[in-house]
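Working notes, structure below.
Chain nomenclature is as follows: A, B, C and D, assigned in order of appearance, with residue numbering initiated at 1 for each chain independently.
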Amino acid sequence: MKINSYFEDQVQIVDIDSVRLDAGNAPEFKDGILQFINGEDIIIDFRNLEFIDSSGLSALVYLHKQAQNNNIRLKLVNLSPRIMDILKTTGLVQILQIYPDVESAKKDI
Amino acid sequence: MKINSYFEDQVQIVDIDSVRLDAGNAPEFKDGILQFINGEDIIIDFRNLEFIDSSGLSALVYLHKQAQNNNIRLKLVNLSPRIMDILKTTGLVQILQIYPDVESAKKDI
Amino acid sequence: MPEKPVILEIVIPGDIKLLSLLGDLVEIFIQKTLNNGSNIEDLAFQMNLALTEASSNAILHGCKNNPDRSVKIRLELQNDSLTLEVSDNGSGFNLKDINAPEPYQEKGRGLYIIKQLMDSVEYKISDKESKFVMHKKIAPKAKAS
Amino acid sequence: MPEKPVILEIVIPGDIKLLSLLGDLVEIFIQKTLNNGSNIEDLAFQMNLALTEASSNAILHGCKNNPDRSVKIRLELQNDSLTLEVSDNGSGFNLKDINAPEPYQEKGRGLYIIKQLMDSVEYKISDKESKFVMHKKIAPKAKAS
């Protein structure tokens, strides 16, 4: 999994190249994102992601809680309709911060 | 399988959309091409083809012989390196008329 | 749909790095076997997810992620239904009521997701193996119009 | 490569329309299981072709293209070799010397192609089934440098 971080208009954006986030690579994803959770809000761009399982969801919940503990916001963008379905089924849309795209996530400060 | 025929500089060109030519669709291919074997030379453009089996090869041999009987030429173009390998292994490069692309097939009258 | 059932079986070592193979293969297999009908893509995706959940449980809980053990999956496609089976040689567990997990919970969403995707699930434990069986009805093939 | 073998089994009705499923699945399976090493793509393609040849024989000659019969394929991936098996319930045939076909011949290239692609082939007939078995050595996984 390649995790790539860059700044756009002073906002930290992280994108991952994986098409699948499952029990096989969720630990790597979790550790990879964790290092960016320090001073500033983060946007994770999931435009490449086509599949997520419950281990991937667990990683998102964990990272969301870590961000809260650090008083920053973790914003998830470009989630596919199928992944949105899974987030709805599991009730995670209620707690995670989800935006349609990078632009709308940047605007909401 | 879609078999599409058109004329370019008065030369008849036929292309097929299949990525596979095997025992499952070789009869359809054979019958589809047969109807174009009448008065004029034909170029078959295989740029979409990624796989051929012995039934596909048999169809090519049959069509080649039909063309010979009708005193026309059946030219095969845009064969992938892997398909060329199979034609070499089976000795069919010796009898079939193979060209790298449509242009070179058109030039060789 | 063909007259006889279509069956796919895969046996892999209990290694979580092989997990993605199983789900993706099942998705492709369903797409290619039932290659007409517009909702096949969704069905194939859902079965990928259900199988991935059951298989990661079999690998992580059943085999303790030990590649010297193995996990077997089996998909049987009938005319109007499909069955997914995931077996391991672990000691099994007690399949009780599967309830919706709390959003802030960090574990325990796998079986719940499976339950949402399938029509019924059962768990069979014998001396030889623990087998998780999942059923789904599928819409009969649409007639070409 | 994992410690235990990786096994793929598929059972389909004897219907030539399902032929492409088998070869493509085997190709994808090999690619995903041995997902490093540059010559994997070629190996996977060659096994697609060998399996397609043996399966079309099993469907057309073994099952007479009758979907009420079935064909079983099995791929076993070991550390340094792979075995492909194709079984049908037909009456079988006599595997003799496999010779290069004449270019103008319209049939009989399947077994010859298989022989070129594999290291060895055998044919086993029992009361229950006819089984065509193909072996291939594979280069051990290249160590990451």
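Heads up, the rule we're going with is that a contact is a pair of C-beta atoms (placed from the backbone, for glycine too) under 8 Å apart; a residue touches a chain by one contact, two chains touch by 3 or more.
Keep in mind that this is a model prediction, so the values were computed, not measured.
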Could you tell me which chain lies farthest from subunit C when each chain's centre is the average position of its Cα atoms?
B
Centroid distance [mean C-alpha coordinates] between subunit C and subunit B, Å:
43
I'd like to verify one number: the distance from the centre of subunit A to the centre of subunit B, where each centre is the average of its C-alpha atoms, in whole angstrom.
50
CA centre of subunit A versus CA centre of subunit C: separation in Å?
26
So which bits of subunit C are touching at least two other chains?
18, 20, 24
Listed in rising order, subunit A residues that touch 2 or more other chains are none
Interchain pairs in contact, sorted by label:
A-C, B-D, C-D
For the complex, which residues does subunit C have touching subunit D?
2-13, 15, 18, 20-21, 24-25, 28-29, 32-33, 67-70
Which residues of subunit B touch subunit D in their complex?
20, 22-25, 51, 53-55, 57-58, 61-62, 65, 82, 86, 89-92, 94-95
In the complex, subunit D touches subunit B at residues 16-20, 23-24, 42, 45, 48-49, 52-53, 56, 59-60, 100-101, 103-107, 109-110, 112-113, 116
